[in-house]
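Next, two complexes with chain A in common: one pairs it with chain B, the other with chain C.
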Partner chain A sequence: MWTLRRFPALWLLPALLPVALMTIYPIAQAFWTSLHSVMLLFPGEPFVGLENYLRVLGSNYFQDALRNSLLFTLLAAPTVVVLGTLIALFLHGRFLGSQVVRSLVLLPWVLPGAISAVLWVWVFHPSFGVLNGLLQDLGLIEASIPWLTSPRTALPAVVVAHVWTQIPFAVVLLMAGLSTINPETLEAAAIDCRDPFKRFRYVVFPEIKSMIVVLLVYNALTAFTSYDLVYAMTGGGPGTATTLLSFQIWRESFSMYDFGAGSAVAFIVVAVSAVLIVAITRALPSDLFAES
Partner chain B sequence: MQLRKLVAAMALASGTLLAQAVVAQETTLEFVVWNYSLETIQDNVREFEAANPGIKVNVTDYTWPDYQDSLVLRIRGNTQTDVVYGGQDWLPAWGAAGFIAPLEAVAPAEEIEALKSDIAGFALTDVTYDGKIYGLPYYADTISFIYNKKILEDAGIAVPTTWEEVTAAAEKLKAGGMDKPIIYEYNQELPNFYDAFVAQAYGRGAELFDAELNPQFADPENGAFKQLQWLADAYSKGLVQSDNHESTIITAMNTGAHAFTIVYTYVLAALNNTAEQPLAGQFALAPMPGEAHSTLGFAKSYVVTAQAAADPKRAEAAWKFVNFMAGRPYTVAKRWAVEKGLGFGQLPLFEDADVKAAWGKWADMATLADQAKSAKAGTYTEYSSVWSAYFRPLLAKAMVGEASVDQVMKDGAERWTMLKEQFASR
Partner chain C sequence: MRGRLHPILTFAFAALILLFTAGPVALSLYGSLVPDRVLLDPDRSLWTEGPNFESYRYVFTGQLPDSYLQESANRAMISDAARQVPQSLANSLVVALSAMALNILLGAPAAFLYARYAFPGKKVTFLFLILSPLVPAVALVTPIYMMLQALGLVGTQLGIVLVHAAKALPFTVLILSVFFRKIPPEIFEAALLDHCSRFQTFWRVALPLALPSVGATGLFAFMISYSEFMFAMVLSGDAQTRPVSVVMAALARNTDVSWNLLNTAIFIAIVPTLVLVVLVWRFVVEGLLSGAVKG
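Take a look at the complex of A and B:
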């Protein structure tokens, strides 16, 4: 009588309720906040409609932050996927100590963002950083380069650190994808074609392309919403050089005590993320997820 | 047999009830801190618990950069929070938002009055909002101009007393091969960044606001305007190396690659720590350059939340705790001073022999005492932390030449005036 087919909603309720509580309620609350003036210093929470959105869009930081976030995403997401693919292909082969190397590659993944930031500050530091020391020892530079405090080099430097933290996840997924390829197919390809690039293009890539697309979308979203690592390394500076849009959610809410504006920035980030997902998936071949 | 079972059951039940009653009498305070020297905090808490049976203290810590937002979220989310570390820049906003309670709500007036007389002027200003005292100093410190004695001696340079002399000294050192003689804490998201700027402006004798809280710093003749111009010039001449945090400034200064920095005074203790730093002993503080040689003094404090003050039992326990941590005989404040080199707002500790002996190892006590005497408090209002968050990135842009000093100062003054009016009409 009480079958799943007759009352599907009732049977799904125990699973849906926690989802609604943990996901839908906070999102709805954030949306409500974005339409109200919720400022710590001022009493009341009056409805202001789209005023918070208009104020954020017209603010002096918005253009810089959006441009930086898009640039950050454009640099970081493809780099993670390309390097991740190369590393996964390398690790897929058997060599002495391959198991150890596979474990070590995962290391950046398990480190919290703040710890990774400290490590990279020590790499980039002008006075005692590893990178400047190396470049000076090789005679490539005379004076130290202020990687994190020069407006020209700060963004590329934090992109490097971000890519380092994201590569392990890409490698794990791509190695899983590579392991599904029939070894006999790879063996036959190795006999028929000596050029490794052609073998990758015509044999390996078609097998892992859907995984690559998923990774590209995932990394675009991760980069676009990145916050902790950049915040710990540069605090958004110098000036507005590494100010990212996701960072403004925090700034508006906790530095400016304006939770309405902070929520509005959050929903703008969500909207841009949705556009990114659609743009990436549309730019890819239509047969991508088709059965081969 | 039945009777024996009944008696045993009753004994067990009454024992359980008694135990519950004892547990019910116990108050557990929620104490929220930033995680500087957490082991010392927990040890102080253990000593408090031992001296105050029936009161337990649960410590929750956040990192310094995350502290303020984590605390705001806790309080807005109604998470039980009783005593917190407060900052002078946040205190008025927290008071206006009703997050915290004045001490008079939890402590006898005569006890507060007695403690007040022991607190240094700038520290007292920093724990006061709307004429009421909201906290007792956890530590109080100044911002110092620190230099490397050996580098200056070797180069035959006298200790600079004005900012122009600092430029001349830095240029001489640069000509002698030191790439960036000045290392500067440059992180627009940290309150330190603004505090250090105010300290330098105070060195010039500047007042950033008048008595009616109107901004004065957009005037090119104001010392703050001149100091920002000085910083922008020093950057453009390649004399300054930015650093994101004081912890890495300590390491960088100990490479011998820099001669000057401007940081919280307690950093001098770390710089001269012989156990950890290779150049320990080479660093000293000089009066803040400028005509006035004044600097910024500030106090971090133990503050009771409004949530705790509303519950008489928690309020009583919270006051006992705050009084233990920051009240007479100032045992905990002295411990921070002796073991960690933290400054203090309790004046009697300046005469304490143990403090003098400990501080004498890393600083010249006479210079330090003079600096503490001439230090001034900052201007903090309900909206100043919001304004500071807006102004800091502007300061950062002006320093590295992304914006003009004139435009930044005008923009900062306009935003201050707007917030002031907005707050007045709320």
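Take a look at the complex of A and C:
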């Protein structure tokens, strides 16, 4: 690591300025909104302090939505990373047809979210869904299960669909990460250590650890803040079984026209995701955020 | 790194991966080849009826499928939204490629500096980059829309490109700096001995060595832009300039569109992008990874 005495503006500002343009003013504006009563139906935007936050925290949806969002994130993000790592390790080796599998693994990536939702509604559909048909043919279930409309299975079902949309990116990054490992290191490890799990734990994992941390952070953020796939599949139901906190930002703002409350939900989401990110980087310390 | 797996186990694992990732898409291919009355009838299937390409013909030529002309067809109306799919693919390609190019161009130098140098303000600016995507986009739609309106960029592709590029940039910098860190420092010390300037070290040494990773990161930026929906919707103008995510979402919600036609649109939208993504992945990323980078 070399040291510079001045801030290298010429190198960094091209990246920092566009991000600043799209974040600093809009976030300040949203924060201002969260402290004011901004409703379309009532003119004037009086300062109300934390009233919006208190109203959101005390609302009847808040507890369910927060619990669902946390559960969704805790199920989805680790599953994406673990499945992604397994698939990347598997596809890193060559076998007959490995190129075909490597290409088709990217399929979920090229579908816009609205379309993924349609496909998965079709898979889970109670009357002509493929999953029910398959399970019935195999004799595992007798009557078809209404996956998306029963409170117990709705959340796991949307988690499966969400994981499906996120897998390709994890696989691509992890395969790229695996390929940067010096092949001689791997050969030496293969000679010294016969147990593949130990080899992964002590040789491969440290090499891709920072990539795994980046992926976990990215996926935790995505899972906690995105709602479009889930909403398109279940509309937040049945009841409140799949109502996510991030969806309430949209609902408060563009359905209730209470922009103050919508922004307040957004900053509660920010606070929780910040805690999630700190927890991830603490639990898996890597050189990514180190000073030197 | 993997122990030698039994061939049958390899095959089973590969089949499982394929079933999960490609299964739902195979369903949509199936659905695009049979009319709805066959699709929803348990006694008839593709194998008894044979493939039917009429909805593909409709999307490209505008000639109505026979099933729509039948007297009893309950979907009497047809949305010509499906016919916008080829054009919207081209629009998305322009937007996503621009966002990708901007990301690499603006992000790679910053990632190199964050990976290799210590300088005042490093921690603050890096934290800013990492924390900037924290605020959910839904909360920022209104202010960003008003800002771009003031700049006269609403309804233009440039506006969408800017928003998408800024959305992907923090992750581009983060991912690329992980890759730049992987290059052994000795290589940079050698470059220093050869009196390479900082720019030469970046341009002639770091960038070529990390090219596969730059390719993978570029793909990521491309896909973020390609699949983004909310900003694409509020910022796009008339039907001729809409990206594919907006057109497909409109199709998916349109009850006048039959399953058959929707699946056809899905499949038409998938194939060119999949070919593009696979080509970049195979020839840029994997091709270079297999030989070029020696640690």
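As a convention for this text, the second predicted complex is superposed on the first by the 263 of 292 C-alpha atoms of A that agree within 3 Å, B and C clash if a C-alpha of one lies under 4 Å from a C-alpha of the other, contacts with A are read in each partner's own complex, and residues count from 1 in each chain.
Keep in mind that, in the parts below, a contact is a pair of C-beta atoms (placed from the backbone, for glycine too) under 8 Å apart; a residue touches a chain by one contact, two chains touch by 3 or more.
Just so you know, these numbers come straight off a predicted model, no measurement behind them.
Shared-chain residue A:250: touches chain B and chain C both. Within the superposed three-chain model, A:138 lies out of touch with both chain B and chain C [touch as defined at top].
Contact with chain C, but none with chain B, is seen for A:92 once the two complexes are overlaid on the shared chain.
When the two structures are aligned on the shared chain, A:191 is found in touch with neither chain B nor chain C.
Judged by the touch definition given at the top, the superposed model places A:283 against neither chain B nor chain C.
Looking at the shared chain after the overlay, A:146 reaches chain B, while chain C stays out of its contact range. Shared-chain residue A:16: touches chain C; no touch with chain B. Here chain B and chain C are compared by how many residues of chain A each touches, and C touches more.
When both complexes are overlaid on chain A, the residue A:109 reaches chain C alone and has no touch with chain B. Once the two complexes are overlaid on the shared chain, A:238 sits against chain B while remaining clear of chain C. 114, 128, 232, 250, 253 are the residues of chain A that lie in the contact sets of both chain B and chain C, per the superposition on chain A.
Per the touch definition, chain A reaches chain B in the complex via residues 40-43, 61, 114, 121, 125-128, 143-144, 146, 148-151, 231-240, 243, 250-251, 253-257. Residue ranges of chain C in contact with chain A, taken from their complex: 1-3, 5, 7, 10, 13-14, 17-18, 20-25, 27-28, 31, 39-40, 42, 102, 105-107, 109-113, 116-121, 123, 125-126, 128-140, 142-144, 147, 162-163, 165-167, 169-171, 173-175, 178-179, 181-182, 212-213, 216, 219-220, 223, 226-227, 229-230, 244-245, 248-249, 252-253, 262, 266, 269-270, 273-274, 277-278, 281-282, 285-286, 289-290, 293-295. On chain A, the positions that touch chain C within their shared complex are 1-8, 11-12, 14-16, 18-23, 25-27, 29-30, 87, 89-93, 95, 97-99, 101-120, 122-123, 128, 130, 164, 167-169, 172-173, 176-182, 184-186, 189-190, 194, 196, 199-200, 203-204, 210-211, 214, 217-218, 221, 225, 228, 232, 246, 249-250, 253, 259, 262-263, 265-267, 269-270, 273-274, 277, 287-289, 291-292. By the touch criterion given at the top, residues 63, 65, 68-69, 72, 93, 96-97, 179-180, 183, 186-190, 241-245, 248, 251-252, 255, 257-258, 382-383, 385-386, 389-390, 393, 396-397, 399-400, 402-403, 423, 426 of chain B touch chain A in their complex.
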